[in-house]
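Below are two complexes that have chain A in common, paired first with chain B and then with chain C.
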Partner chain A sequence: SYISDPRQTIYIIEKGNAVLWGSEISPSPPVPTATGNNAHMMYVFNRNGVCLLYREWNRPLHTLNPQQDHKLMFGLLFSLKSLTAKMDPTNAEKGNLGIPQLPGQGCSFHSFRTNTYKLSFMETPSGIKFILVTNPRTGDLRETLKYIYNLYVEYVAKNPLYTPGTLIRCELFNTALDQYVRSIA
Partner chain B sequence: MGRDVSESCIDSLLTEMVSTYCNRFYANKPELAARRTEAIGYQVGHQLSERYTMERPCFSDHLEAIKFICKDFWFELFKKQIDNLKTNHRGTFVLQDNRFRWLTRMSIDQSPENGTSEELSIMADNKTMQSMHLYFPCGIIRGALSNLGIPCAVSADISNLPACSFVIRIKA
Partner chain C sequence: MSIRAYMRKPLYDSRDENSIITVMARKGMLDYGSKGCMDTNDSLRVASLWHSMHAISQQLSPTTGCSEIELLEANTFDLHCFQSLTGTKFFVVCKLGTRHMEALLKVVYKLYIDYVLKNPFYEMKMPIRCEVFDINLTQTVQKDRVALLGR
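Right, the complex of A and B next:
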């Protein structure tokens, strides 16, 4: 089956993955499908900057090697959080940068959007950072990220075989995550 | 008035117990760690069976006692009953729980990234660690039955997570 995009880009959907075929205008955002995964990739960092999980569902472009990519992402988040807190025109306090707060408290950015993707971010009080990159038409993913955090608590934090601070290699978590991400509109 | 305990607390405590015995007290001596956690389970099972059989008359035979373990006892511990009971009528019973509560969150990444011998040994370690978590419930069953006058040996089989089978062999 194929979906014809008014911006003269034709995508052929094959086995749930969108394959680009014949584009005249670039860059143009991929049409979200109901069958394939609706997210591109996800990162999970702990408070020390260790990348606990990197999951990729649809990422045609890789510019850096994985270590550089993770460091760049973590650095970006740190700077963005700092910037958004410092530029807050409504807050009279100095602000406590670096201290994890409940999602929604304090002043922290939670997403940014370009014409080709949207990056959503959530940090938990324990310092675990969730980053989800999706297509740009995605709505507010704060509840989604909270749900993913619940999956993390159940299948990673409470997994007797998992050592905190190490790479997440829990099959139940991966399966539940993949299944959930497929359902994101 | 009942007293409640958070289930997360129990789960974390059990995880830490196994981890401490395996990695600290008896590091590199898994048989001793296994025996110790099984012994702790024995004490727990002994006391719990006392508590849960307070209002009941004695059991007429072994099968009745095993059925008590499968139904009332398991329900008190895990809010569900044993799903399947098999016996050879010669002293061996197999209790199958299709979703054993203490194993529901346990998982490892089965796919080795490049299949190196290091990865494979990590997978073998993981399997061992998984089985370490079963000595405690085996001890609980053994302790409970022992208090009901039935000495036995109990082992577990986790070839099919999260289902778990407990094999009870009654000593003649």
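Right, the complex of A and C next:
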């Protein structure tokens, strides 16, 4: 079934998902250079710390139960952002450690690497945080995360059946995300 | 293009869990002037925060065998960290994209062993006040800078 409105945009509502007809996603994705699954898992949080999405593709080790895992991840990111804002050597004006920073305020980190994984992070101006955990040899994933954010905007934010601040249950978003992540190096 | 590095070394003995004593050795703010400076209390807080973050990042690892955060990339700086077998962590904050920081950290570790640990007057877990260590550290960072930039 479809609904057409006077602005000549057509929404197709199917299986509880609404997709804007004929929309284009920009920026265009980086050229895929590898096949196979390189990503371990992905988290999406909103500004209040609610985990909107958790996708797992390859995670042999589960240390904690899901709720604790999400809380720990959010806490880690909060502390790391606080740390980088404080440690920023180019900025003379720094607040105290632990003050909540607005999105875009102060220096923020975009990735860290350990010997077993690399975590890439992106925060949007609205406070939505995208975290992608991949193998340690992955390159800079900032463009990738921007593309995933655009997928989120198209399939989730523009979905009239989705309530902001709740768990993302959009099948089309999940499918598009899986397909895209499979193609990144 | 210049190396802007300043050394920040929190020393924490991870074997001793009852007394968390963070020891700081701060050295040479090259090029940044006073903008990047932190007072001692803030340094201690940053060091403790960094140590906790190491531990948390190990818990969140998708595979086994995670030991440490090696590199943190931020918008205006990079942070390289090296952890010795005893859990002592050395980290250096440098300009975006600076390479060979891991080698520098290993050299600093050797200096630490030679001038601090082998110093009979140095007490474990106290702040480092060894002049020879400071001199050699400054020299190493200067040499590193010259080697990479030719000035």
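Keep in mind that, in the parts below, the second predicted complex is superposed on the first by the 138 of 185 C-alpha atoms of A that agree within 3 Å, B and C clash if a C-alpha of one lies under 4 Å from a C-alpha of the other, contacts with A are read in each partner's own complex, and residues count from 1 in each chain.
Note that in this section a residue touches a chain if its C-beta (ideal position, glycine included) is under 8 Å from a C-beta of that chain, and two chains touch if they have at least 3 such contacts.
What you are looking at is a predicted structure, and each value in this text was computed from that prediction instead of being measured.
Of the two partner chains, chain C is the only one that A:Asp88 touches; chain B does not reach it.
Contacts of A:Cys107 after superposition: chain C is touched, whereas chain B is not reached. In the overlay built on the shared chain, the residue A:Pro60 is in contact with chain C alone; chain B does not reach it. Once the two complexes are laid over each other on the shared chain, residue contacts for A:Ser79 go to chain C alone; chain B is not touched.
Of the two partner chains, chain B is the only one touched by A:Asn174; chain C is not. Touched residues of chain A, counted separately for chain B and chain C, are more numerous for C.
By the touch criterion stated above, A:Tyr155 is placed in contact with chain B alone, chain C being left untouched. When the shared chain is aligned, no partner comes close enough to touch A:Asn46: not chain B, not chain C. Shared contact residues of chain A with chain B and chain C: none. Residue ranges of chain A in contact with chain C, taken from their complex: 40-41, 58-61, 63-64, 69, 72-73, 75-76, 79-80, 82-84, 86-92, 97, 107-117, 119, 133. The touching residues of chain A, counted against chain B in their complex, run 154-155, 158-161, 169-174.
Taken together, the chain C residues at the contact with chain A in this complex read 4, 6, 32, 34-36, 38, 42, 45-46, 49-50, 52-53, 56-77, 79, 93. Listed in rising order, the residues of chain B touching chain A in the complex are 8, 11-12, 14-15, 18-19, 105-110, 126, 129-130, 133.
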